[in-house]
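Two complexes come next, and they have one chain in common, chain A, joined by chain B in the first and chain C in the second.
Showing the complex of A and B:
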């Protein structure tokens, strides 16, 4: 039988850097979307806390940390990133494995906000978009989820089929910001 | 134009997809007859003023919204979740 090799969405495309901004791929991990059943939101949050130590995030928020995160990704929907979902969650919501479906990258460095300001129609400056805040929005024409994971670090998720476009768009903005900083 | 999504907050218009008149929430019964169905499927007012339309927050949370706006001033007067609007009609 042929040997199969797992290939990450941004394989061969990342990491890249321009000026003091870096874009790298976050290593592939388990990703599970969770949609609470009707009337089960509070119970799901309790189950998440008991099993994984993270509450269900409110809209536009994320809970957890590197390696184990819950990110709000839409109406009545969150993404559990990292841990294997506990069986206790299944009583309160619909769980779907999405591990291979998303390209997940990390944009970091002093100018990261300036890069995103060229691409995203939402104010992501630290004064209003703090650590633990997340948005579902558009990066150029692409639907993305953006979460602030550090003082100058963002996690960006796009559909896997868009990985090359995502890298191209962000790289173009990174070069533009770097060129402006250099002049 | 800015639209305030009840879930996400105020967002740029380009995140939203325009669907059409919110009459889609008032689907007639199958037995209501040709006139009611003709109105529902085909007949739309085109007012210079306040309209009530369905929008989809495609680039955001994925919610369906009822947006009340003024086509003359471009003011967005009210936004609500389509599910809430439908429940309020029941």
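Showing the complex of A and C:
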């Protein structure tokens, strides 16, 4: 009997490193997009808190931590990353499985901000873009979600189909930054 | 000639490089210009139009003469300023715009023909015959006049772009810039200090003056060291801020690796977009030459450049130097030369009250009026009240005063104002929101003034950001007043150059004025003064002073031309960094991509996606053979095709059904759970937007499919409709295109293939045509839709994308076991044409539901987006071009897409056009080419014959008009 083998979006592409900066794939986990129904935003936030210990994040913010996080991804849209969504959420919003839709990578190391500065037109300096801040923006020509998840660590989400381009773009920027730092 | 013991070069590090094939020695810290000068190479270039011998005239990015080509082969870099190119071991440079060599340039005959080559020459001479312009005149002109050339080959160099943010951007690191940056940095602000040179310090590196009791260059180095140690400061050397844009955004070009032999993986250049809350322009000033007869000979340069070569590079630009000018800078130059042991032949000062000297002869109230020497200066002639005199000299240092570098302040259409005291244009406040100016670019020419203004402007800028900065002690520095007498062009015969880069002379400007190109903008365009890489850095003010004189106006009334970005030339490669080749757009790959490529399928682009065109089997030599086989396979057995690229949108909420009723022309609120329906969507203007199937997965949940190309636009449209047209509806939507890998399994054996792959019995009573629902695929949760784009019994099976590759392989194995296999886009296209199914080739943005025969799908029971507009007169009726089928009936059996239709016997001209073909393909099923077309009143003309004419491919075929559904019009096969 044939078997169904799972393949992650960045299979065979990651991890890579250049200088002090590393890019690795975050192992696939459950990802559920949640959009509140009319007038249900507060109730949804309460339900999220009760079930998963995290409030609904404001725009450009993420709540939670590694393993269980809620990231704002757009107007009336957040992504629950990690836990299986509690059934209690369903009354308050539209839940959609997105576990396979995104390539999710972690960029970390001293020069991570410098690498992203080559690709992203948004101010990601630590003083401005703090831990728990997130943004929907462009990475070169790609639409992405970027969240600061550590002092010099970022989570980047791009469409699964664009995983190869994502890795290529970030790797090119990593090499450029590493080459300059080497001098 | 190199002087001992002077300069900021590292004499322990000799460097050798090539210029025009010859090897020269210099030191680390040298530019090509300074190193060639040390080797007494004077002739380095030929001029743009007249091919006159030219030498270095400046010491920075304003250099107008010494443009070189750097490197060889694909990546050769033309028009590099010798004054900006740092030397490194192995550097290769060549002179430009000469043939066969710099010393024997055949085109220097242009110089003899100069009387005919003045301003407006092209416009007057090459008028006739008209047809000669493109083929003969222009190519000849382009070859004989010009700068360096690109290689024409793909550039393998890597470029980079980057973004930066700061509280304060300081542009230029001379005394004003250093002081501004230091003041702001000490106050804790985030500061970016950008400097064009490799070395910060500006004029301090080229002068002998002291700052704070030490050499100016040492003071600058001390400030740089302090700034470097501060975490809130980013120092950017070799970085030219090239433009000021909206909302505090500045463009800056960083020359990352032009100075390195071994780049070690660095990009060649990086183009920065710097967003600054405030900016201070400390761009300094550019010394201007004076126009006199033959003022362009090698050896004639600006006085400040002479001092820079002397003091910074330890190079004497000549052995007997003459200095000429209208301000005290000439005396400083003479003193520096004497101190360096260089003979000063004469100082010629046009001011009658100029100071005299015991160290060198001073001619007061005198002007240089001519020069001689073929490939290098030999003597100059000067004129005073006592008549003309001649002095032997091999270098003339000229100063006509200083032009503040106001360029950036003008990038948002502001105009500088004339300052009579300094005979220059200066910026006024507010020309660029958020930017102020300090130092020489503001017209403050003393070092003390620059230091104080830099500090003061930093305090003001930070204050507006709520950061309080302390007044830093201003170091003691020179504070002499700047005294200058007007001196633009010395009268006399012959050509006196204003714009060295474009070979524009005083005579040209006067001629423009006499031909009534009297506005400064007209004069610029008529003479080309101030154009191209130079952007008028050297010549602008002098040229308009000459124009003012010629037109009897004052300089302020004449005004300046518009300074536009970029301040220095910026390579397109750096602006578009990362977008070379395949980097132009992201690539989207399906989960089946590797399997398809392994099977030898040529991949074609569909939007950003890559999809297999066909899957060549052993022995197949043409795509048609593969396509025909794949079509037959689907019609007779079973085929598998990746359809994941179609847009999929998850739509949920209590009002999901009502929302779909509003965006689709037909009803979806009545669709049963577990069923799928074809839907048609109109734009607001009533034309067809997209089509596709939508499945109802639950009471409040639908999943919509869109065409591949319209996935983004349709989701955007839905968001628009929800947010703007029916915000009261309780509905949410999100793309799930990427979540699911979805494969079409089509053909009479499709059910046999799937039956033991899924956990459900696919008997038709459970899974009739248009059924849908959740299903387990080899134990994995998936979805099944019984829909068909081929007219055969078909299913689309979806699993989470991680399992896509695995399932695709398994489907292929099972299909092959049943006599089927994979099929690509070509076969998919033929299959749908046989069935008359439309794609965006048909719904191309100009057709209505009526045109495609779907007007009955616009429900009369409800309103929908575009309905009212689609009912406008002219959008339906016999005059419309309507969708029909075409089959060839004449001797030519081929049809082509994009061809036009004519009545039999009518001339194939635009006025007779009856319609056009949109999709064609050879149908192995019908053993004929089939076409879909739009034909005027087409539905009423079935059975009639028309002529298809493709003027581009030269194909003419007689066709019969028929129903667009060629195959199985009753639809029996799709139901099984």
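The working rule: the second predicted complex is superposed on the first by the 183 of 183 C-alpha atoms of A that agree within 3 Å, B and C clash if a C-alpha of one lies under 4 Å from a C-alpha of the other, contacts with A are read in each partner's own complex, and residues count from 1 in each chain.
Here, contacts are C-beta pairs under 8 Å (C-beta built on N, C-alpha and C of every residue); 3 or more make two chains touch, one makes a residue touch a chain.
The shown structure was predicted, so the numbers you read here are calculated from the model rather than taken from an experiment.
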> Is A:102 touching the first partner chain B, the second partner chain C, both, or neither of them?
Replying inline: second
> Who does A:121 touch here: chain B (first), chain C (second), both, or neither?
Replying inline: both
> Who wins on chain A residues touched, chain B or chain C?
Replying inline: C
>> Let me test your reading of the model: by the given contact rule, A:60 touches which partner, first (chain B), second (chain C), both or neither?
In response: first
> A:138 contacts which: chain B (first), chain C (second), both, neither?
Replying inline: first
>> With both complexes overlaid on chain A, does A:164 touch chain B (first), chain C (second), both or neither?
In response: second
> For chain A, which residues lie in the overlap of the chain B contacts and the chain C contacts?
Replying inline: 77, 121-122
> For chain B, which residues count as touching chain A in their complex?
Replying inline: 7-9, 11-12, 14-15, 58-63
> For chain A, which residues count as touching chain C in their complex?
Replying inline: 1-9, 28, 33, 35-38, 76-77, 93-94, 96-102, 117-123, 125, 127-128, 140-142, 159-166, 169, 172-173, 175-176, 178-180, 182-183
> Okay, in this complex, where on chain C does chain A touch?
Replying inline: 158, 160-165, 190, 256, 263-267, 270, 273, 275, 578-579, 583-591, 608-609, 650, 652-654, 730, 732, 734-740, 777-780, 799-807, 810, 813
>> If we count contacts the way the header does, which residues on chain A are in touch with chain B in the complex?
In response: 59-60, 74-75, 77, 121-122, 135-138, 143
